[in-house]
Every structure is written in structure tokens, then in C-alpha cells.
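Both of the next two complexes hold subunit A, though its partner changes from subunit B to subunit C.
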Partner chain A sequence: MTMVVEIMVCALVLLGAAFVLIGSWALVRLPSTMERLHGPTKATTLGLGSLLVASVFYFQGRLGVWTAHELLIALFLFITAPISANMIAKVHLHRVRIGAFEEPDTKAGAPPRPPGEGDWATFEAPTRNTQASTANT
Partner chain B sequence: MITLTLQIALGCVALALLFNGWRLLKGPALGDRIVALDTMVINAIALIILIGMIGESDAYFEAALLLAMVGFVSTIAYCKFILRGDIVE
Partner chain C sequence: MIRHIVPHPALSVMLLGVWLLMANSITVGGVLLGGAFGLILPKFTEPFWPDRPRVRFGGALLQYCLVVLFDIVVANFEVAWLILFRRNRDLRSRWLVIPITLSTPEAITVLAATISLTPGTVSSDISADRKSLLVHALDVADAAAEIARIKTRYEARLHRIFA
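And then the complex of A and B:
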């Protein structure tokens, strides 16, 4: 492995590990659930992407072959991370709305209600006349 | 140099897993626990990739890819179960 590749791999691995650690530290440190969603879904996924790119260059340097399956993992994670974050936010809004969980009195406060007469679409569509809504049936 | 870097990275990821475990145990909201589990899966993928780099083996990527898929599906299934009381409607 040449020196340039080695330095690049080291930098990418350290950057990725730092992002993964910061994302998990955000999960411990931030005060409310909605804020705690930010760290893992953004920083950790980005850090893992950096680790995967480092792995591509590492195996190119060691074995002399370009591999793409790491990029497949990165692509899959970058597609799925926002979807899971959206679902988790929906779960939290739903639990707060049905009264199963009391939002603590933090600086950010409780999640705001949407404008208009509707509500967040967690269990049903936001309003009764939403197109293709199960609330109408 | 690269051995030391990989060891430092392994330590970082292990510490991150400990943080996630703490949040998983503490809660307080159900959403926190789901986030902690989801992040644990992502950190486990990072750990697998680092182990693959240390062992210079190509065989770990299938495990990482499978774990990414199973982690996503389990998070969505958990959320769906809390939201609707049912996973496949």
C-alpha cells in the first residue's frame, strides 16, 4: 500500500469513527426525544458512509481490486435512514398525542401542532377529507 | 499506522455502542428506545466493517449488508406495531 492511500484510509477511518461516536454521544446528551433523533440519523449514518469509503480504498490498496459492495451498503443506509427517522418521529408524536408519554419541559418544548385544523398523520390521515384517506371509510 | 488507526476506531465504535445501550436502558420515551436500537444496528455494521478491515477479509460485507437490511426492516416493523397495533395490515 502506498503512503498516500494509507494516509487517506487513516483519515477516512478516523473521521468516520469520530462521526459515529459524536452521533451516539448526541443520543446521550440531547434533552428531548425529537432532538435525540438528529444525532444518530444524520451523524452516525454519515460516519458509517466514511468508514465504507475507507474500506473501499483499503481493499484496493491491500488486494489490488476495486470493490463496490461497500457502496451498496452505503447507498442502502442513506436511503433507509430518513425513512426510519420519519417512522420514529411518527411513533413519538403518536405516543405524545394519545397521552402515553408526557413531553418533558425542555428548551425545545413539545412538538408543535401543524397549521389548520388537522393533526400529524400518525394513526389516520391528517384531515377527514384527505385524498385516499382511511379516515373516510 | 493503519493498525493503530483501526484500533482507535474500534474503541470509538465500542464506546458509541455503550452510549446506545445506556439510552436503550434509560428511555424514557419508547421512541428513544427505538432510536437506540436503530443506532446500535448501524454501529454494529461499523464494527463488522472495521473487523473486516483488520482481518483483511472480504467475507464480512455480506454480513454487514444483511444486518443493514434486517435492521431497517425491524425498525420499521417496530414502529408500525406501535402505530397501528399490527405489522402487515
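And then the complex of A and C:
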């Protein structure tokens, strides 16, 4: 491995590890559920991205081959991370609605209602007929 | 005719790409097997996506991906800064209700995933009438400006992709 590649891999690994650490630190120090959700789901996207790029460069320098299946890890992460964050947020909405918290839990206060008649989709079945819901009838 | 054999060309190409990435090499056998999956799976899963929207693959989609990647990198540094140095009582976290004009579920899903991936905002829910998105923001000074930014930066571009 040449010196340049080594330095690049080192820098990327350190940057990635730093972001993952900061994301985990956010879990400890932010005040409430919704704020804590921001740490691990986000600061880790760049952290893991740097680690994956470092992996690509490492195997290029070590074995002289370009590997690409790191891209798949990034792809699956980008697909799944928003979904798990969304699920946690929805559980939080339900817990707020049933009054699971003694005091206002988040700094942002209780979530607002959507404008108009309806409610959020976790509390109510979708009202507007869309292509997806009419297709099976 | 070609539509009949390849009902979902984008999915076929993606399956082939994912297969080759998983094998981590380009061999004749790998391309043939991936190509076979790309032909067979969309055919069998066709009933799963009735009335799917037409997606324009091209400059708009590429531009959107680049914008989102750039935003993820920049905003990651901003959020890391907030986590390390902002005191909890100075954190201006709040709920945003974003009115959306996108109509297809696929486009709304992409918008919500983009909002969740760009640091500082998590999309939490959609209203039952599919007209607004509930988003939690970690630190926002001006809610109206943030909503306008999301609408012009992401939603307007998605309108051009999901025609």
C-alpha cells in the first residue's frame, strides 16, 4: 500500500469513527426521545459512509482490486434507516396521545394536528382514495 | 411487446446491478444469472405495483441524488456541531407541518425518506388525507423558512422526476 492510500484510509476511518461516536453520544445527552432519534439515524449516515469508502480504498491498496459491494451496504442503510426512524417516531406519537408522559416530553411540545378535518395516518385510516387503494377493487 | 416481457425495466436493471454488486465481480455467469433474475422477478411481482407512476430517469434524477448527497454531508457536520457544543436549553427543536403537493405514494415516500436522511429532520407521519407531512426538526430558527427550503429544494425536484 502506498503512503497516500494509507493516509487516506486512516483519515476516512477516523472521520467515520468520529461521526459514529458523536451519533452515539447524542443518544446519551439529548433531552428527549424525538431529539435523541436524530443522533443515531443521521450522524451515522456520514460516519458509515466514510468507513465504507475507507474499505473500498483499503482493498484497492491491499489487493489491488476495486470492490463495490460496500455500495450495497450504503444502499440498504439508506433504505432502512428512515423506516426505523419513522416507526420510532410513530410509537412516540401514540405514547404522547395516550398520555404516557407526565410532562411535555420533548422540547418541541406536543405534535400539532394536521390542518383540516383529519388526523395523522397512524391514528386514522387514509381518507383519500388513491390509485394504490382503488387498484384492488 | 417489450413492455410485456420487461414490465418494469428499472427494477430489472436494479436487480442485475444488485446481483453483480453482491457477487462483487463481473463474470459471464454472474451477468446471465442476474439478467435472469431481472427478467423473472419483475414479471412475478407485477401485481405488487399497480398504477405505479412513471419515473423520469435522467438529468433531474441525477441532480436530485447529488443535491441530497451534498446536503447529507453538510448537514451531518451541522448536527455533529449541535450535538457537541449546543446546550440542551438552547436547542430550538420543533415540529414542522409541511403541506405536500406530491400525489403518488412513491413520490411521497421518497420525499419522507429524504427528509429523514438529511440530518436535523425526521419525518414522523403523514396526515390521513395525504396533504401534510409531520416532521421533527432538531434545531430550527425559522420554521417557515425551513418548510420553504424543503419544498423548493426537494419537493419541486421530485415533481419533475415523478411526472
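One rule holds for everything that comes next: the second predicted complex is superposed on the first by the 116 of 137 C-alpha atoms of A that agree within 3 Å, B and C clash if a C-alpha of one lies under 4 Å from a C-alpha of the other, contacts with A are read in each partner's own complex, and residues count from 1 in each chain.
Operating definition for what follows: contacts are C-beta pairs under 8 Å (C-beta built on N, C-alpha and C of every residue); 3 or more make two chains touch, one makes a residue touch a chain.
The structure displayed is predicted, hence computed values, not measured ones.
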Requested in this report: Check the residue A:31 against both partner chains and state whether it touches subunit B (first), subunit C (second), both, or neither.
Outcome: second
Query raised in the report: Is A:114 in contact with subunit B, with subunit C, with both, or with neither (first, second, both, neither)?
Result: second
Query raised in the report: In the superposed arrangement, does A:101 touch subunit B (first), subunit C (second), both or neither?
Result: first
Query - Contacts of A:71 with subunit B and subunit C, given as first, second, both or neither - result: second
Query raised in the report: Which partner does A:90 contact after superposing on A: first (subunit B), second (subunit C), both, neither?
Result: both
Query - Partner chain(s) touched by A:122 [first = subunit B, second = subunit C, both, neither] - result: both
Query - Contact residues of subunit A, present in both the subunit B and the subunit C interface - result: 23, 25, 37, 41, 45, 47, 67, 69, 72, 83, 89-90, 92, 122-123
Query raised in the report: What residues on subunit C touch subunit A, complex-wise?
Result: 18, 21-22, 24, 50-51, 72-73, 75-77, 79-80, 83-84, 88, 91, 93-95, 97, 99, 103-105, 112-113, 116-120, 122-132, 134, 136-138
**Report entry** Of all residues in subunit A, those that touch subunit B in their complex
**Finding:** 1, 6, 9-10, 13-14, 16-18, 20-21, 23-25, 27-28, 33, 36-37, 40-41, 44-45, 47-48, 51-52, 54-55, 58-59, 62-63, 67, 69-70, 72-73, 76-77, 80, 83-84, 87-92, 94-95, 100-101, 104, 122-123
Report summary line: Within the complex, subunit A is touched by subunit B residues 1-2, 5-6, 8-9, 12-13, 15-17, 19-20, 22-23, 28-32, 34-36, 38-39, 42-43, 45-46, 49-50, 52-53, 56, 58, 61, 64-65, 68-69, 72, 75-76, 79-80, 82-84
Query raised in the report: In the complex of these two chains, what residues of subunit A are touching subunit C?
Result: 19, 22-23, 25-26, 29-31, 34-35, 37-39, 41-43, 45-47, 67-69, 71-72, 75, 78-79, 81-83, 85-86, 89-90, 92-93, 106-109, 111-112, 114-128, 130-132, 135-136
